[in-house]
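In the two complexes below, chain A is the common chain; its partner is chain B in one and chain C in the other.
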Partner chain A sequence: MKPAKPPQEQGEGLRQAMSWLHTWAGLVLGWVLFAMFLTGTLAFFRPEITHWMQPEAPARQAPMPAAQAAELAQRYLAGHAPDATRWFIDLPSPREPQLGLLYQVPKPAPGERGFKRVKLDPATGQEVHARQTRGGDFLYRFHFELEMGFPWGRWLASIAGMFMLVAILSGIITHKKIFKDFFTFRPAKGGQRAWMDGHNVLSVLGLPFHLMITFSGLVIFMAMLLPAGISAAYDTPRAFTNDMFPAFAQPKAGPGQAPLMPLGRFVEQAEAQWQGGHAGRMVVSNPGREGAVVSVGREASERVSYGRVAPSMQFDGVNGTLLARHDSASAAMVTTGTVIGLHLGLFAEPLLRWLYFAVSLAGTAMVGTGLALWVAKRRQKAGAAAQQAFSLRLVDALNAGSIAGLCVALAVYFWANRLLPAELAGRSAWETRAFFIAWGLTFLYAFARRARMWPDLLALAAGLALALPVLNAATTARHLGVSLPAGDWVMAGFDLTALASGVLLAWMAHKARKPRAQPAARPARARAAALQTR
Partner chain B sequence: MMSIAAFCLAYAGFAALCLGMDRHYETVFDRALPRRHRLPLRAFGWAALTLSLCASAAVWGWSYGTVEWIGILSLAGLLLIWFVTYRPQAALAAGGLCAAAAPVLAWM
Partner chain C sequence: MKPDPGAGLARYRWAVASRVAAAAFGGYALASATAACLAVWLPMARVDAVVTAMLLAFAVYAIGVTWVFATRNAWRAWGGMLGPAALLAALCWAGRSAGLA
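Presenting the complex of A and B:
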């Protein structure tokens, strides 16, 4: 006869099952998640990074009034793209004071893209001629597309996100003493214990953010991941997107030519109806033809709940009547909008954006410490005999390549931006190529020199990051000596952040160099400790 | 100033909660946590965290303020833990300092 198990043991059973799940769900996609976390963290400063990477572009200025900017855009587009099927106009905002124009070329020459992108300086009305770069957009897109073809990267990122959600929830269940160990970090104990403490502290303190960012990341791809509801309610996916994003619906052009009204008045009309809201993006369909439609969208950063679908108004471009008004005010739209808005963080003012950045870095360190913990735990358990076990060596090298190696690759990306000649053909592609080549080489190094990989790679990343402001001073006239007195906080902020990251990485490299007993354990612990200071 | 007060309250609250735990009380005072200290410390901790939320809401409004508050909590907590690990006395003394500074900052 089997005695009934006391309830406590059943609890242990669940906990152990969850611990197993946490360990393996975390490990399998941990490397991808680390890269997603770190690039996503940087992507909170996407326009600022782009600005740093185009030092030729004019310094930030107070944005031009939207109506005036819209007419400037209209003058340019009517001259350069009169027969485009659509114009997209990003009106100046405090974070992006340039006019961003994008137009669809009806018959692109073979080998050319159907869309052309131009930036105008509102002060002069001239095109901004800056070096070709993907800037912060590369980090932003890598964060959810991993530089893989559509839709594979998005799927991989989504699957990683699901594993993350599983890892967070199973981690909460596994963590026995959330409250008792709330403030506990014991680096002096070394090895598994120290890693575990660091991992716990980073996870628990950032838990609201980690849960929010993981869940909302999945909500962003809801339509891709759970399409059944859409196919039940709509005849075609196109009908859904037209309904969801009315600004992008493509109306039919009429047969004849018809002059487009001045765009400024649409902006004024829309802003008057929003009572103080600002216009953010305009889409002009069939400009210069009958059936022209002008869509004015509100600035998405004005409310959290706008997410990706800010309120918009559609006007007849020829006679100026209001055709439709979308306020996205239904409960479901506000809910998804808020969840997505929280993820994108566009609404956040500078202080909150830095908090996002700091806690997101803690999340990055959470993934990093988790990966290192996997190795430290097994190493400790197996003792000296298993130091050479293949699985440990493999995971440790992959950890070094994906954690320290990514830091090197990111620094190389910024270095390439300054070192590649401005007129090089395919320049922006070479920047990203430099990123991936550098990353690949760090993996090779990690496998070739296991004993030295952590301190060496971290020191390399530190050196590259620390030297970035120097390189900037050597190659541009907008270095710290100029940007700080001028109060140019975008340029100065980047340089100072590079210095701070360099110091952090140097400290991690220093910690990694110390005793040989826990080779992998040191760097990420140092990172964990360092990140707690942020 | 009110935003700094929100941060100080969060830090002070966490410091009090930390001190209200046996392990951390022992490292600071080298004796067991007496029962008559436990409750006031914890009550103060929770009250300070609540006040921190109120301060945050006073600056940014309830919806934006709550998000900001969660960020402030995470940052204050991580800072405290890092500090308490290496300099426990100083870290918790800083908590007391923050508690004293918060009302002054809030009035400024």
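Presenting the complex of A and C:
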């Protein structure tokens, strides 16, 4: 235990304690955090990644007017799901020009899911037939569920988020020269100094973002994580949900059949009242029955604040009267919605979206350099003797597997998407299986060949990423030679980002290949010892 | 936190384990009590009070955990978490009994 310090030494004692906390809070779930950061960074481009992974789907076009699209959806759903209790219609938007339909199956067969999802091409009104893939959704869900069952993955991700928050707070307190160190980068010094300077720059550069993204990630799951507040004020969780999402309660169906009015008029009516705002998601409850209710929600990307409460209108689906209108949420709701909206970044237009991507990538590198620093610091401190220490070997191998190995696994996921036969049964499951098998193999390699793991795994990831556009050209007709002249920025953007990632990974592999800088002399070691509490 | 050369390593390890538990479970108790108390007492619509309380409780949790490792010893760490938590829980109960929520 830390001995009691006299008052004048409190400041230094605090910094030491915070340094300890920062080191261990960062390490314990650092590998999970790295994976969450990297997949979350990619998930800012979720629809674009899905689009690249379904090259058969039509290229992005200007979205069809919402009212027209709503009636197209109505025709399809009336034919395919007349008995569904609810239809969910995602109207075309610039980022997702297809019509997304989801309907509740009244009595699902055993083993069948209660919801069915379909994508329609607005140009033809037909279902989009593309290869089966989870696309960007896999990265998005892995980011907060870690491919574990509900609710375990969400809990683990949230606990990791809490560790991150504590690591950020203790990191700030530890860091007395936060401004000066921002301009300090001494790569030539090698070893611990270079890693620490890099870690500092990456952390301070994006500090507001890192704090925001970590805190808001926890807020998204607040009802699951901190139910005490709800149970103190409400008798049942249900009562809270009904207050929180008033537009979401399922209305009662009447006894008889009644024709549903054309959905286009509801869209037009809502958009007219929003004065230039666009309709995003529609929910039709009890279609074709008495008591049908049509809810029109405003497009999520049109404001920062995100929430199911935010602007929506409910209409009687049979006679067309406006039943309710939810516009101005309370200050508390807008605050919460803004915190969540900042995390999701749906409002971000292309330039801001790329900024999100860049800062989030810096956050990923912050976690990665922090993990590497843990090893570099101990290696430098104890010299040759520590090279063989079990804890050092273990952490180093886990680092290589979870940092370089994840990059390999992500590249393999995209390779599998192009190489697996389109008609393979359970195709999308095989894509994610390829991801996990590749990732597992990189861990095996890291433990088997410790001396070569960093350069080898990084070089492999670099090679796979650099070859992705070539693979795309070999397997589809939408490669860079076509997508660039056509201005197809979704396809071209993915290929170019793969190339840029490949170059970055190749540079890292090259750096890792160099012989490790040895601690120069005694003075350097003494300084390292003096700095170890940082 | 560095081992005190005077004290045994085992003792140091137990003290660290105790603080980790104080941070994780004591901190969670404090955050929950904060959320419950504020949800009852904040002068807002009920749902707004609940949501505001939860937002603030996360900040309390993070700062509480940090404080646990900054304070002098593990006993103070536990006291600093559970004392305020008990007080806030009592306030929450008082508010509920008074018909605030």
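In the analysis below, the second predicted complex is superposed on the first by the 493 of 534 C-alpha atoms of A that agree within 3 Å, B and C clash if a C-alpha of one lies under 4 Å from a C-alpha of the other, contacts with A are read in each partner's own complex, and residues count from 1 in each chain.
Methods note: a residue touches a chain if its C-beta (ideal position, glycine included) is under 8 Å from a C-beta of that chain, and two chains touch if they have at least 3 such contacts.
In this text the structure is predicted, and so the values were computed from the model without any measurement.
Enquirer: Now for A:L102: first (chain B), second (chain C), both, or neither, which partner does it touch?
Expert: Once the two structures are laid over each other on A, A:L102 reaches no partner at all.
Enquirer: According to the stated criteria, A:V339 is in contact with first (chain B), second (chain C), both, or neither; which is it?
Expert: second
Enquirer: Determine, under the contact definition given at the top, whether A:R186 touches first (chain B), second (chain C), both, or neither.
Expert: In the superposition, A:R186 touches chain B alone.
Enquirer: Which partner does A:Q16 contact after superposing on A: first (chain B), second (chain C), both, neither?
Expert: After superposition on chain A, A:Q16 lies in contact with chain C alone.
Enquirer: May I ask you to decide whether A:L165 touches chain B, chain C, both, or neither, giving the answer as first, second, both or neither?
Expert: It touches chain C, and chain B stays clear.
Enquirer: Applying the document's definition of touching, compare chain B and chain C: which contacts more of chain A?
Expert: Between chain B and chain C, the winner on chain A residue contacts is C.
Enquirer: Contact-wise, after the overlay, does A:A362 reach chain B, chain C, both or neither (first, second, both, neither)?
Expert: Touch partner of A:A362: chain B, not chain C.
Enquirer: Figure out whether A:L218 sits in contact with chain B (first) or chain C (second), or with both, or with neither.
Expert: Only chain C; A:L218 stays clear of chain B.
Enquirer: Give one of first, second, both or neither to describe whether A:A509 is in contact with chain B, with chain C, with both, or with none.
Expert: A:A509: touches no partner chain.
Enquirer: Per the definitions at the top, what is the overlap between the chain A residues touching chain B and those touching chain C?
Expert: Residues common to the chain A contacts of chain C and of chain B do not exist here, since the sets are disjoint.
Enquirer: Show me the residue ranges of chain B that touch chain A in the complex, using the header's touch definition.
Expert: Of all residues in chain B, those touching chain A are 3, 14, 17-18, 21, 23-24, 63-64, 67-68, 70-75, 77-82, 84-85.
Enquirer: Which of the residues in chain A end up touching chain B in this complex?
Expert: 180, 182-187, 201-202, 205-206, 208-209, 304, 342, 347-348, 351-352, 355-356, 358-359, 362, 529, 531-534
Enquirer: Please name which positions on chain C make contact with chain A in the complex.
Expert: 1-2, 4, 6-7, 11-12, 15-16, 23, 31-33, 35-40, 44-55, 57-59, 61-63, 65-66, 69-70, 72-74, 92, 96, 101
Enquirer: Per the contact definition, I'd like the list of chain A residues that touch chain C in the complex.
Expert: So the residues of chain A in touch with chain C come to 1-4, 14, 16-18, 20-21, 162, 165-166, 169-170, 173, 215, 218-219, 222-223, 226, 228-234, 240, 243-244, 330-333, 335-336, 339.
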